[in-house]
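In what comes next, subunit A is part of two complexes: it sits with subunit B in the first one and with subunit C in the second one.
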Partner chain A sequence: MVIPALAFFAVFALIPLAGVLVLSFMSWDGLGTPTWAGVDNWLRTLTSPETGNAAWLSFVVMVASWLIQAPISLLLGVFTAGHQRYRAVLAVLYFLPLVFSAAAVAIAFKSLLDPNFGLGSALGIDALAQNWLGDPQLALGVVLFVIAWSFIPFHTLLYQAGVKQIPASLYEAAMIDGASVWTRFWSITIPQLRYTIVTSSTLMLVGSLTYFDLIYVLTAGGPGNATRILPLDMYLVGFRSFDMGRASVIAVILVVVGLTLSLVLNRMSGANRMESQMEGA
Partner chain B sequence: MIRSRRRLALGTALLATAALTLSACGTSGPGESAAGEASAWATTGSVHEQIWKTSFENWNSEHPDAEISVEWFNNDAYKEKIRTAIGAGTGPSLVFGWGGGTLADYVDQGKVVDLTGKVSNLVDRVLPSVVKNGMIGDKLYAVPNSQSQPVVLYYNTELFDEVGVDVPKTWNELLSAVDAFVDAGVTPFALAGASKWPELMWIQYLTDRIGGSEVFDAVLAGEEDAWSDPAIIEALEKIQELVDRGAFGDGFGSVVADTRADAALLHTGKAAMLLQGSWLYSSFLTDAPDFVERGGLATTSFPTIEGGAGDPANIVGNPANYWSVSADASEDVQDTVTSYLDEMVFSDDYTTQLIEGGGVPPVAGLEEELAKSDNADFLTFAYDLVKNAPHFQLSWDQALRPSQAQELLTNLDLVFLKKSTPQQFVDAMNGTL
Partner chain C sequence: MSAVRTRPNVIGGLLGWVWLAIIIVPIYYVVVTSIREQSSFFSENALLPPSEPTLDAYVTVLQNDFALYFMNSVIVTASTVLVVLIVCVMAAYYVVRSRTRFAKNSFALILLGIAIPLQATIIPIYYMITQLRLYDSLLALILPSIAFAIPITVLILVNFMRDIPGELFESMHMDGAGDWRMLRSLVVPLAKPAIITVAIYDGLNVWNGFLFPLVLTQSADKRVLPLSLWAYQGEFQINIPAVLAAVTLSALPIVVLYALGRRQLVSGLTAGFGK
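Right after this comes the complex of A and B.
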């Protein structure tokens, strides 16, 4: 029963991965026959200022995405799990971005943010008619905003489900003891959401290593190289410069960093010993 | 029970994945028949789509035993797919291309066949300067199949009248026009900086006017420190001077060429001039017919530069798009597609259809036919520009090998954004030689 699964995993994941590793030691322009290059690709990639810049930007995007998305998703999740009357309507609105494709989101934002024909000039609001995606200082911030806009709904959903799993009896007991809303949030909600926080954070951090479609359509790495994060760098080196060897090096780095990150997060948080927290429920 | 259900779910997921993967393989199907029957891959979205379609249909109805099947691709998707397809030997028998560095790569790897002497009827029909771009050394590997696309200076006559500026013929006149428009609150030049490649047109014309076509020939030849030529540095300094004067406005980094936002800036009266390819003329006809009809749109050539070494009649752009014949195709198929090229491409019907679509065919002796056409003024202007040009420089991003071209686009963008100095640009580019 396991063999077909293993076979598929080998054919579509392990073998290509090994191929990329081999290719990272070869020189290939996509046209001729790959030739052995030794560690040349690795040296060129690791010393390239462009890839260094891309690695730094990836790091910034990863950390900033988490700092922006985690608190907002947590609060929205707690809010949408409540019992307010208009909650359902708001929840539907919050979740809308979840059903849009990344390319469509990027195209829409690109048009809305256009300083000449976008929202700002249509409404006549000068503050909105900034050179959002054309100014190297602003572009990364705009990209972070659009990423947050697209992904917060998903993480909100995770937190909403997590909050709904918390037994009401815990809150009831706390209320009898006279705990304030604030104390209940810190002492019951947050600890009970521990594993949700780990799962959501892992998805955010590792996921941010693979952001590609959104940024590619939004800025294609520009202006200059202000938003050229590693996955974009890999794509441009591979399929625009046709330097498959160096692109493979970047791919290997991404795989290793992504795997290490999720393993470390799992270890640190004890999520590998995950068990139900719903004692008594 | 739980375990077997999980396995079932896993099995279903895998089946679904397999089905998706297999169907994905299916889309690359037609290419696999490259050795068997004649095929062509062409790009969509230009005036040529219909012309090529008609020409293949005509060929197929006249030669039912030697039909050519055509696959259509979006421009960018095509550029990525064709290279790996040719590398893997699954490409089409007729390969669409731009000449330049990519063609040189194909020739190096023996992927396209030598057409010298095999398509003499076609070569006789076409302008020699355009044929030359399909040659590597003294052999012909690619033949033109599309309009000539020189880069021209479009301008909005209404804004020129309103602000009271004359159309600039020299660089100094251009600078004073820029200042006059900035004072009047009009962006002097629309520039699609978000797409990066329109920025090439500026450095190409400036380098050519200042130092002549030899400057870039040295880069192409891979001569050491070829980018350090004083003409290139001066061109970059002039670009940054324009940026400083506000010649491109504040928001050029947000303007996208694919959506023709640069053309829209011109015909909506937000920008006065636009340096862009001649292919944009037909877009103006469809996007802003009123503007063109009331005489709002006019074209001129790039200004001269006082004391510059280059011939002011030189032009830059794309001499044409090209067909090459795949070396992986069987002899029969090679013969079929070669006869197609020789007979059908730029036949009288083909050329007429192109003129009607607003394109400039790189074909000799068309003066009368162009003068009678709907867009006589523009077509005659562009045709004379191509015919009289001593040198027609292919776009640098096409002329260079892909790896250098990408570095060029990024580094030039940094110069326009004032994130790099001319010297930093030169150092970075010398590193790619």
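Right after this comes the complex of A and C.
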């Protein structure tokens, strides 16, 4: 009974995964027949300053978005796990970004950040009326902000769920011992959430390797190449420059980085803990 | 927790309200702008409600094939979710019930999908879809969408089904029930909350999907909603209210579903990612 699921997964995920490795050694324009190219694509990609820049940007985006998203999601998760009615109402509103497509989010922010007609000019604050998407430095910041806006709600949800499963008796015991709010947070909440932290961080870091639609619609990688991270680089090299071989090399790099990250995080959280957690043990 | 907190958490509350503003302002802006007149978009304050609210922008969008794109999205999402649910409920049942090595290995293999950015497989998928002569069809979107939804769906369903007491299976087994009957009369009714959760979660992902439609379709009549937003942006150029009306219209059905199924989604994800 596992066969149908396995078959779909094999045909449209595992075979393509092997296929992308094969294609990384072939030359193909997306229309004709792929021909063998040896290590040519690899050499060209690994020495390409553009892809090097994209790799660096991906690293920056990955680290920065984790640094922004993880603490905020954690705090919001703890906050929304409380019982007051107003928190429940807030939580409903917090999760609204979950329902918008990346295309919708990108279009909304593009319009909102317009230097002439957007938020900045509406509030009459010059500092907000900048050419957000036209300046290379600012554009990267905007991308990080919009990513945080759309992904924090999901991770807040994970943390909220995690916090709700912490036994209340732990807090009660700590209260009797006279532990302060901070002590309780650091010695109970954080340690109890360690699996949630690993799961959420893994999804965040691996997820950053798939940020495509949002950035594609928001900046298309620009201005210049200021927001052209690896997944976007892969798309543009493959489907704009019609160099599927080189695009496949980038795809292989993404897969290797993704798997490595998951394994390292898995190890860090203790041998096979992640697996046993995923299996619900 | 409420018994534990003695003092109100002032800092937490304050940050909570700040975050609310960050979330709400862009959404408010989209809705307010969508009911603005095109001519007054450039002159009125972007954050104040329009002086003369109008639904013109919505009329423009609806006259430009919005219904067609909407239907395409419905077809792709509904068929994907239906197939995903059928194959994943079966798979999860097998993983939970079967003690074989094959079951264990299959599960481990499927879970790999969570650690791999599956998006990186888009080029071979494009190759396969063109070879199968499915390029520029809705089926081209449905097939890979099913595959991509499988890992997380199986994970959540397995986590949930593990909690079904073994005695229930034993007693049904004693009564002579086979796998199919147990699946139909025991697992599906009991796992209903988890099934609804994954249906919402997968549905949301497929509904909002952008990369597959961008790469695997071409014609306007095969466009799905996220791609149509992108296209409207080019077509309407300076008619920002119309673009944002399309954004609002595309999110509206999901907001309604979210309002109805939120509790379900949250509790189901808790079970799936719990601990």
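Just a few scattered comments:
In the analysis below, the second predicted complex is superposed on the first by the 268 of 281 C-alpha atoms of A that agree within 3 Å, B and C clash if a C-alpha of one lies under 4 Å from a C-alpha of the other, contacts with A are read in each partner's own complex, and residues count from 1 in each chain.
Basically, a residue touches a chain if its C-beta (ideal position, glycine included) is under 8 Å from a C-beta of that chain, and two chains touch if they have at least 3 such contacts.
Nothing here was measured: the structure is a model prediction, and the numbers come from that model.
Of the two partner chains placed by the overlay, only subunit B lies in contact with A:D29; subunit C stays clear of it.
In the overlay built on the shared chain, the residue A:A5 is in contact with subunit B and with subunit C. Legend: residue contacts after superposition of the two complexes on their common chain; A:F242 is shown touching subunit B, with no touch to subunit C. Shared-chain residue A:M268: touches no atom of subunit B or subunit C. Applying the stated contact rule after C-alpha superposition, one finds that A:L157 touches subunit C and leaves subunit B untouched.
Contact with neither subunit B nor subunit C is seen for A:A127 once the two complexes are overlaid on the shared chain. By the touch criterion defined above, A:F117 reaches both subunit B and subunit C. Looking at the superposition, the partner that touches the larger set of subunit A residues, subunit B or subunit C, turns out to be C. In the superposition on chain A, A:F109 contacts subunit C only, with no contact to subunit B. Looking at the shared chain after the overlay, A:I176 reaches neither subunit B nor subunit C. Within subunit A, the residues touched by subunit B in the first complex and by subunit C in the second are 1, 4-5, 8, 12, 30, 117, 239.
Contact residues of subunit B toward subunit A in the complex are 7, 10-11, 14, 17-18, 21, 80, 83-84, 86-87, 105-106, 108-109, 111, 193-194, 196, 250-256, 261, 264-265, 270, 402-403, 405-407, 410, 413-414, 417, 419-420.
Every residue of subunit A that touches subunit B in the complex is listed here, in rising order: 1, 4-5, 8, 12, 29-32, 50, 110, 113-117, 131-136, 219-220, 222-225, 236-237, 239-243.
Contacts from subunit A toward subunit C in the complex involve residues 1-2, 4-6, 8-9, 11-17, 19-20, 23, 28, 30, 34, 72, 75-76, 78-84, 87, 90, 92-105, 107-109, 111-112, 117-119, 121-123, 149, 153, 157-158, 160-162, 164-165, 168, 171-172, 175, 181, 184, 195-196, 199, 202-203, 206, 209-210, 212-213, 216-217, 231, 234-235, 238-239, 244, 247-248, 251-252, 254-255, 258-259, 261-263, 277-280.
On the subunit C side of its complex with subunit A, the touching residues are 1-5, 7, 9, 12-13, 15-16, 19-20, 22-27, 29-30, 33, 41-42, 45-48, 83, 86-88, 90-91, 93-95, 98, 102-103, 106-107, 109-111, 113-128, 143-144, 146-148, 150-151, 154-155, 158-159, 162-163, 179, 183, 204, 207-211, 214-215, 225-227, 229-230, 233, 240, 243-244, 247, 250-251, 254-255, 258, 262, 266, 269-270, 273-275.
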